[in-house]
Structures are given as structure tokens and as C-alpha cells.
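Note that chain A is present in both complexes that follow, paired respectively with chain B and with chain C.
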Partner chain A sequence: MKAHASPSTLRKPASMYMKSAGYYIVVYIILLFVIFPFLWMVVSSFKTQAQMMDTQHFFNFSPTLRNYSDVFQRYNFTEPIVNSFAIALISTALALVLGLPASYAIARYRMTKLSIVLLIIRMIPAITFLVPWYIIFSLLGIIDTYASMILAHMLVALPFIVWIMVPYFESIPKEIEESAFVDGSGKFRTFLQIVLPLCGPGIITAAILSFVFSWNNFMFGIILSGRKTKTLPIAIYGFLTYTDINWGGLMAGSVIITAPIILISLILQRYIIKGLTAGAVKG
Partner chain B sequence: MKKFGLMVLALLMIATLSVNAQSNKLAGTEIRVLAGSIPWTDYVKAKIPEFTQKTGIKVVLEVYPEEILRNKITVELTARNRDLDVYSMSPPQETMLFVKNGWLAPIDEFVKASPDYDIADYIPSALSGGEVGGKLYAIPLFTERPVLYYRTDVFAKAGLKPPKTFDELMADAKLLNNPSAKMYGFVERGAGNPAVTQFVTFLRGFGGDYQSRDYRTATLNTPEAIKAYQYYGEILRNYGPPGVLNMNWGETSNLFAQGLVAMRIDNDSQFGQVVDKNKSLVWDKVGFATVPAGPAGMGSCNVAPWALCIPSYSAKKAAAWEFISWATSKEMSLGAMQAGQFGARQSVWKNPQATKGLPADLVTAVQGNLGTKYSDERPVMVQVGKARDIIGTVIQAGIAGKTDAELKAIADKANAEFQQLLDQDYK
Partner chain C sequence: MPHNRFKDSAKWAFVSPALIYALIMILAPLAYTLFLSFHQWSMSGVDKPLFVNIKNYADLCKDDRFLMAILRTFLFSAMALPFELVLGIAIAMLLNRDFKGKNIIKSLFLLPMVATPVSVGLVWMLMYEPTIGIANTLLGLLGITKLPIWLGSPNSAMFSLAIVDIWQWTPMISLIVLAGLSALPNEPLESAKVDGATKLQTTFKIVLPMLAPTITAAALLRLIDVLKIFDIIYATTKGGPNFATETLNIYAFVQAFQYFSFGYASAVLVVFFLIILAVSVAFVLIRNKFRVEM
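The block that comes next holds the complex of A and B.
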């Protein structure tokens, strides 16, 4: 895309054009495979089950909105949407509040042991925590409350945020902070007003990814949520029953679950790419 | 006279009071029930206010899909949660494991104390799935059995009647199979683990079985079993759709609903998928028949896939039983049957009211099966899941078209592995 801006492209030999044409063909073929499932999902969400499985009429069908009305009326999706949003938002926010200062400290004071402990928490399969959690949370009486779900999601989000942010903080030259100290800014103020704004892309990346994790998490929800705190990944299972698979509802539900994530990612994708490559640049 | 009247009135009042006190000794108790999302649950859920009004027992019902329910129950019972009073489980898959884990309370005492409940009304084979060592642990919610789904229009055109024997089934599948016209002769589950519960109809039809009748000996490599693998393999390989090795009931049901297969065997409980206008292109052309019998007779079974039980950790077992006995009473079973969930009580099958809304040939097909002696369609043991994987490999080898010698070798190997599991479970 940048090639257009550069005058040198005008004098490109034919073989270069062939090369870039080949490049785009490969890109489109890959895109086809990536996008087709989404396309199928969206198109199918407007079909009855009989139409959906009928490969002869993929585009040529009379659309129905019944699946979407089913999702909200019969399967009552409004509550899980609110639950999922609240849990993902609060757990991400709390993990940031704890994780950002922690990773700054790890980066500046070289606390490698602590960071390894955090990595180990991330490496242990989360399912191992579930039974102890269930026992502890039920003793505390917080099963089927936001508190238990948020705590559980934070356990994954926190190490994740720390591990993205440590290289980011390391990449910020110490001199910037030192000049702030010279000007009389305290440690806390320097962190808040100088270091954090410089790490914007990193923080956004970490926040989005931990939000997405929480949004999609299924395993914690099975055990720790209940009637009152059912999240979306649990609710969508309602379309599969012992004797019936409601594919139409499943597709409509999937569209509803995927849409916010796709929107957020599209709007903030520039930052995500910067954030993901941050550690790599430093080498 | 006036005095006498007053006395009678007073006596009457006392009598009513004490009757109320009797039936309400559990009043105010709150029980927590975990159930799977099946039509039965929807029906019962709507009726719970009536139960609470009658008994004073409050019911907190949580409904989850099968997979989530299983996970939840496993964790709650591992953590010995005292706050769970009734849950639904899958007897053929779980009874032995759960009893071994100490997760089920026997309910014989409660049943004995409730003569009106009429336990003898249950289809015996349906009840036996919840029994271990002579004790009853679970009350079946509904029953299912394999039936033959067939296309009435295709059969009429070919001048055929639904097959009654394995030979007829093979011949019909061959005759109707016409892939160039997008019509396959026959389909049934081909994915290994899920196929175990359907393949058994053929295995027993040929005179084989997974285990000896005392459950301790593996019999996967008997000559009868080999014949069954070959038959099942031949009919699916030659007259089935491509990709059958990956198919579970959902896929075969879709193929049938799309009008791409002439015959399909799977459980009757799925009939809603193919006779619903929104789900099926052939909704008005579906016929049902009892599954064909083999040389050794009828091999199909009558299974109660879901049942209600009381966890041993519950502190409110009496109230829990009160709920179970109400939810599975004759009256409620009848209502659930009308809501589309085939009952486990004989009385509902004799009641013409119960089956009024159902396809007539489906009812006949089911009734043709009620006398079967088999109440299990999978290995009876603790490690059912592992055993199904092992058996699945032989079924798939049959479909893949292995030679007799190869098939025998694969069956021998599977038999040895299966025997090992049985030895562990029946020490």
C-alpha cells in the first residue's frame, strides 16, 4: 500500500508487478479461508436450519430474523451479555490497576524471580485451580456472584498484562524518568504522568487481549457462574441439547458474541500491532 | 344441638390443622436442583409453582446443557457440596462411576415409603440402569431406543416396505443407493466412540455382545462380533454417504433432513429434527419403523438416558425425594410425554391420550421395541468413555474395509485392552 506513495514504484520492472500480483493472490486465498467461516456464520444466522444445510441455495434464500428473536426471547441473551461485559470490563480494569505498577517495578528493579512466578501461574493449566477455587469460593459464599468470576479471570489477566508490559517499560529510556526526577517529580507522579502515557499502545493491547480472553472464557464460567451470572460462552451452549441442535440460533448467538470483539479490534488494531511487536523490536 | 355443631366444627378444624401440619413438615425447605436442558425439564419447570403450593417446598432449578451439567456436577460433588439436593445424570454412562465415588444416595427406603408412587409401573429395563448391587439410585426421566427413519416417498416409488431383517436392510440400501442422483442408501453413526451405542443393535442381532452377561469378560472378538463389524462396515462403506467415519447423530440427522439418504437408524428422541418444517426439507415424507432384527433376533434396546437422583451429601434428602416423586409421578410423566419426551412408565404407553400428537408409525415403531431384554447399549462398567474409544476403533476398521484377517487382529487387540479395563473395574 505504501508503494503508491513512493515514486520509485512507477519505474518498477514487470517482474516486480508479477511478484506483487502473486503476493496479493496468496493474501486473498488465505483471506478466503479466514473469512469464509465468518461469512457462513453471518449468512446462516438469517436462515432456517433446513435452508442452512441446503448447499444449493447458499445466497439465494428468503432471510428470516427468527433466529435473532429466538436468541433474545427464547434463550434470553440480554442477561449474559450484561454479565459478560461487566465481568470482562471489571476484571481487566482491576488487573491493569495491579498489573501496571507491578510490571513497572519488575522492569525497573529487575525482579526476575517474581516475573518467573507469574509466568508459572500462566503456565499451569487453569483447570487445576477450579476445584480448590470452587471449595474456597463456596466457603466464602461467593459462588454465582461477579466477585468469584472477576477474581478467577484476574488470575489469568494479571500475569498476562505483566508479561506484555515488562518489555514495554524496559524499552523506555531511564533518562526520561531521571530528567523528571531532576525537575522535582516524585516516583509515583513520574510513573503516572510520564511513563504510562508513553506506553499507551502497550496498555491498550494488553487490555484488549485480556478483555477478549475474559469475554471468551468458558471453563471458569461452567463452574463458578450460576443462574445469576451466566456468561455468553455458557449461554451459547443452550443451543445444543440432548436431542436437538439449533444451528440457526447458534449462528445468530455467535454473531452477537463476535461482533463487539471484531469492532473493538478494528478500531484499535493500529495499537495492537504496535503493542504486539514492542518486545520484538527491543531484541 | 348448637353445642354439638360447635364441637364438630372445632374437631374438624383441629383435624385440618394436623393434616396440614403433616403434609407441611417439609414446608419452607428450599432445595437446589440441577437438570439438563431437555423437553422434560421445560415441562416440569413450568409446573414447579404447583409443587411449591402443594408441599411448601421451594425449588431452585438450574438448567444447563448436557456438557456443562456434567462438568458442574463433577466439580460440585468432588468438593462435596452440601447445597445440591437433586441432579440429573445419565445412568448408562455414569451410575457405576458415581456409586463408586460415593456421589449417589440409595433411594429404596423412600420408594418403599411411598406406595402411591407405584414403582412397578416403570418399564423394568429402564429402571435397571439406575441399579447397582441390588440398590436403586436413580429414577429414569424418559426412554429412547433406536428406530429406523425412512423416506416414505422413496420407498413408495421403489415399491418397498420397511426392512424387517438385516438381509432386507442391506438389499434395500443397495437398491436405493444412487449417489449420482444425490441419494445414499443408508446412514448411521460412523465416528468411533458415538457409534458404540448404535452399532450394538447389529452386534446383538448377530448374537454377539460387548461383555459377558456377568460383565466381567470382554467379547469383542467372537465370530458373531466379527460378522457384525463386517456387516456394519459393508453397509456404510458401500451404501453410505462419504465422510461417514466422522459422523455422529447430528450429521446423520442433517443428511436425512436434507433428503440425501433413504434410511437412517438412530434414537427415536431425535425425531423432532426431521419432522419440523423449519429444520427439514422432507418433513412430510418421513416414515418410522422398528429396527430390523438379525439372525439372532432383535438386538435393539430400551434405554433411560437421563434420570433424577439424590447426591449422598445432600442435607435435605426427604424434600429431595418429595420433588422427585412428584416430578416423575404418573400424572407428570403423562404431561411430559405429551410434550414430546417418551416416558419410562408403562402406564403412559397404554394411555391413548399420551401419544395423540405423535406420528402414528413412530408410536408403533417404539411399541415394537418395548419388549426387548436389553436395557444397556454401551459397556456396563466404570470406565465407559475409555471402553467406547477402544470399541470404536474396531467399528471404524470395519467401515474402512479391512480384510477379515486384519479385522480379527484389530478386534483381538481391542478385546485385550477392553479386558484390562474390565479387570480394573470388576476387581
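The block that comes next holds the complex of A and C.
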């Protein structure tokens, strides 16, 4: 139980209430700033172009679903949704297949040099790879295929997985594996059957973040995707080139792109906070 | 001895799939970029890359657009980072107590940084829209008559984008600092209380110094990412108006994929890479230093 009634609250309750009301007001103002752009995105996605122009009635308007049907019918959003899901899922899965054993080895065999190299890879500007990839992929004729997009998106995921999983594997006591070795289990079986199942939360964190960052990725898609493999960020960016900006459609599209990410984050927030703050807090 | 089990062969077997990927997708492309930076090439079918020695690099030194891009990249960081740090730390201190709804607030704080940057850019573009955007409508209600045109003017575009970055990443600093705060040992705080230290004294003399490693690591990570900012700028201004928001990342992108000067773009990338590498090495060194001290 917490000690609710500290001496000061007993002595001057009125001013304490004022203080805590003031506190909540400040907190809510901060919160409003944080979520306002999202509210705005949603509100605007239900407006017609004419309502958008009417700055007298920002919140007082009769909502329309036109923008959402436009997004699917006129701008054909279905295909990019499928592409985004497929590319994010496959690249995350493949990056896990490569990244988990590598992180395990880095943690267990103390391959610090390798971990520093991977840390630096996380920091290198992605465009440094994009130029040579574009040239090589063009020569191979795999621009605008899932292969090129997945290979590229794996680069986003891999350093993240290592970043999150190395400390995680380090935190698993060695004795567990050693007793498995004594029982005659091989290294790979031990890793697959004993170590990995212990790392569920870490793997979930790494997988969600990889998925999110692949889903959000914009730069690779501009160059490596085309008509067939266009992902959502590219599809919505395509709206902009129409001479008259269709704000309602843009916002409806933005809601569709952002909604899954927001849902995932809210449901799995514990994991995501841990993942995003990992490198800094652990030192 | 069970330790004999940890032999080299197993170690390399575990890392080799990732290493092969890294070799093909990271190391070879980096080497190729370095190679191209000494050549002139526009990827036309018949011509081979033409060796021009250090001409690209020599040209870069005289290229005002490039030098301005470097300056802008750092200027942008200087506009965004200090705000993110100060605000982020202040908000974390404010939230660092038990109250109803704290967890909801923490999860809402996640949203700006996980939301798709392109859609974030688009919604800010709408809010900044000079005639129909809410930003100017609100300023108008406050009685301000000389309304800014935000992303539309070379004078204000950079700062407008910095605001977006501040909005996106201040919450992350807060979350990191909050995590750091909850990991702090209690004894120093309690003994300070016993010694009669004021809240302000405790914050500045005890809490902040103890958080220094966390804050430094967060700041450097943020610096590296802010130097590489691309999505928000490309989605909104594309480096304009009049190159006012053309950072190094955008400039390299334009050189490569609009002008198709792959050699020259590669030289830009090598310089960009070296800048980031220098900052990253500083990051690793500082991080390791703090680790030893802790």
C-alpha cells in the first residue's frame, strides 16, 4: 500500500487540490500538443474540399466518407496495402532469421567488435546504400520486385534486432545453456529449443519495431519500387503530384497508413517503449 | 569444461548468415560508392564509368549548394535538438510521479515517433497551409495580422520543419529520461532530503548529474538521426523553396536520382558518410566511457 496521507496533505487540503488540478491541466495541455496532429488528420479526413476551405467551422461540419471511398476507388489503395504488409512481414521474418543467431553469438562469444560494426551500420545514412543498390538492382533487372524491396527493408530491421537482442541474450544466465550442453544437446538445438523460447518478449519487441520501421520506410520505396510493388507511403506521396491538392483524400490515406501502426503501438506499448529507449538507458 | 563448447566454429556459424547479407548488401555497396566517387557516370547503357580522379571532391569544395547543404544539416540539428532535450527532460521531470493515467500518457507519447513520417509530414503541411491551415487561423484569432507562410517561404521553412521534428521526438527524450529516472537508486535522493536540500537543488545537483549518461546517449543518438532527416523534408518541401531546406541527405538524393550524376552523388555520400561516422564514433566512445565510470 502507498502512504496516501502525508502530513502536508492533511494540513492544507484545499491548496493541494488546486495544485493537483493545475498539474493535470499542464499535463493535458502537453498531451493535446502531442495528439493534436492525429486528431487533425482524422477530422480532416471526413471533410469535403469545400469544408476544408471553410476556416470558420473547423469542427462543426457534416462528415463525409467520400475521401475513404476515393482512396480505394480512384487511387487504388488496395494493392499498396497488400504490398506494405507483405514486404514488412517478409523482411522482418528474414531479418529475424539472420539477426537472432548473430545477436546470440555476439552476446555469448563477446564479439564486441562485430557489435560496434553493426551499431555503426545503424547510423550510416541509408542513402549511402541506395545509390549502389539502385545501380546493381537495375543491372540485375530486379527494380520494382518484392526481392529488391525486401532486401532493402531487411537493412532497416537488422541493426534494430541486434540492438535489442544482444542485451537480451546477455541477460539470460549461461548456466541454463551449459546444463543443456551437459545433457548432450548441440549448440544449435540449445539455441533453438532452450534459448529462443526464453526470449519471447525481446523477440516481440524486435519484430514489432522492425515491422513498424519497414511499414514506414519511404526513401527506399521511392527508388526501388514501381507500379507493381509500391508501398503505402509511396502511394500516398503519389497523390501530391495531382495539381490540385486533394487534402481530404490525403488525410484519409494518412489515416489508413497510420492506423495499424497506432493500434500496434497502443496494444504493445510496453514492448515498444522498451525497444525504443533500450540503447540509451542501458548505456 | 563446458566453456570449451563455445568454440570458434559455432560462433561463425551463428553469425555467418548475417555476415553474408552484410557483405553483399552493405560492404560491397559501400565499396562501390567509394569507387564511383572517383568516376563520372550517368548510368547510360553504353558508357562505362569514366575515371576522373579526385575531380568530384575538388568540385564539391567549390559547390555552394553542397556547402550550404552541410551548413543547413547542422543548422537544422541546432534548431531542433536543444528544444527536444530541454523540453523532453522538463516533461519527464513533470511526469515522474504516480498519477492516474500515466500509462495512457506514456503510450500516447509513442505515437509521434512511430507514425509514418510521410503522413506526419502531410498533416503538418495541411496545418501549415497559409490560407486554410489551422496554424494561421489560430494566429489570426490571437489578432496577429502579419501571418507567416511557414513551409512556403525560404525564411521560415526550415524552422517550420524543425517544429515538426521537435513535436515528433521530444516525447522520445521524455520516455528515455523517465526510464532513466525510474532506474535511479533511491539512497542519494533520500539522504539529500534528510540534509534539507530543496527540490530544485536535488534536481540540478543530484538527479541530472546521475542521468547524464542516459541523456548524453539519447542526445547523440538523436543527433545522428536528425543529421539524416529525409522523409519529412522530402514529403513536404522536397528541399525547397529555393533550396532553403535542402539538407545533405536531400542534396545527395537529388544529385543521384534527379540529375543522375552518380559519380558526383557518390562523392557527396562519402563526405556525408564520414560526417556521420565521426559523430557515431564519438557516440560509441562517449557511451563506453560512461559505461566504465558507472
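Everything that follows uses one rule, which is that the second predicted complex is superposed on the first by the 243 of 283 C-alpha atoms of A that agree within 3 Å, B and C clash if a C-alpha of one lies under 4 Å from a C-alpha of the other, contacts with A are read in each partner's own complex, and residues count from 1 in each chain.
Basically, contacts are C-beta pairs under 8 Å (C-beta built on N, C-alpha and C of every residue); 3 or more make two chains touch, one makes a residue touch a chain.
Not measured: the values here are computed from a predicted model.
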Simultaneous placement of chain C and chain B on chain A, clash or fit: clash
Touching partner for A:125 - first (chain B), second (chain C), both, neither: second
Dominant contact partner of chain A by residue count, chain C or chain B: C
Which superposed partner A:181 touches (first chain B, second chain C, both, neither): second
Contacts of A:58 with chain B and chain C, given as first, second, both or neither: second
First (chain B), second (chain C), both or neither touched by A:266: second
Chain B versus chain C as contact partner of A:93, first or second or both or neither: neither
Which superposed partner A:216 touches (first chain B, second chain C, both, neither): second
Which superposed partner A:238 touches (first chain B, second chain C, both, neither): first
First (chain B), second (chain C), both or neither touched by A:226: first
Chain B versus chain C as contact partner of A:135, first or second or both or neither: both
Where chain A meets both chain C and chain B, residue numbers: 53, 130-131, 134-135, 138, 222-223, 237, 240
In the complex with chain A, residue positions of chain B that touch it: 36-39, 60, 62, 64-68, 71-72, 75-76, 78-79, 81, 83, 250, 254, 257-258, 267, 269-270, 272-273, 277-281, 305-306
Interface residues, chain A side, partner chain C - complex: 2, 23-24, 26-27, 30-31, 33-35, 37-38, 40-41, 44, 52-53, 55, 58, 97-99, 101-102, 104-106, 108-109, 111, 114, 116, 119-121, 123-136, 138, 151, 154-155, 158, 162, 178, 181-182, 187-188, 191, 212, 215-216, 218-219, 222-223, 232-233, 236-237, 240, 247, 250-251, 253-255, 257-258, 261-262, 265-266, 269, 272-273, 276-277, 279-281, 283
Parts of chain A lying in touch with chain B, wherever the complex brings them together: 48-50, 53-54, 130-131, 134-135, 138, 222-223, 226-227, 234, 237-238, 240-245
Residues of chain C defined as touching chain A within the complex: 2, 5-6, 10-15, 17-19, 21-22, 25-26, 28-30, 32-33, 36, 43, 91, 94-95, 98-99, 103, 105-120, 122-124, 126-127, 129, 131-132, 134, 137, 167, 171-172, 175-176, 179-180, 183, 213-214, 217-218, 221, 224, 228, 230-231, 234-235, 249, 252-253, 256-257, 262, 265-266, 269, 272-273, 276-277, 279-281, 283-284, 287, 290-291, 294
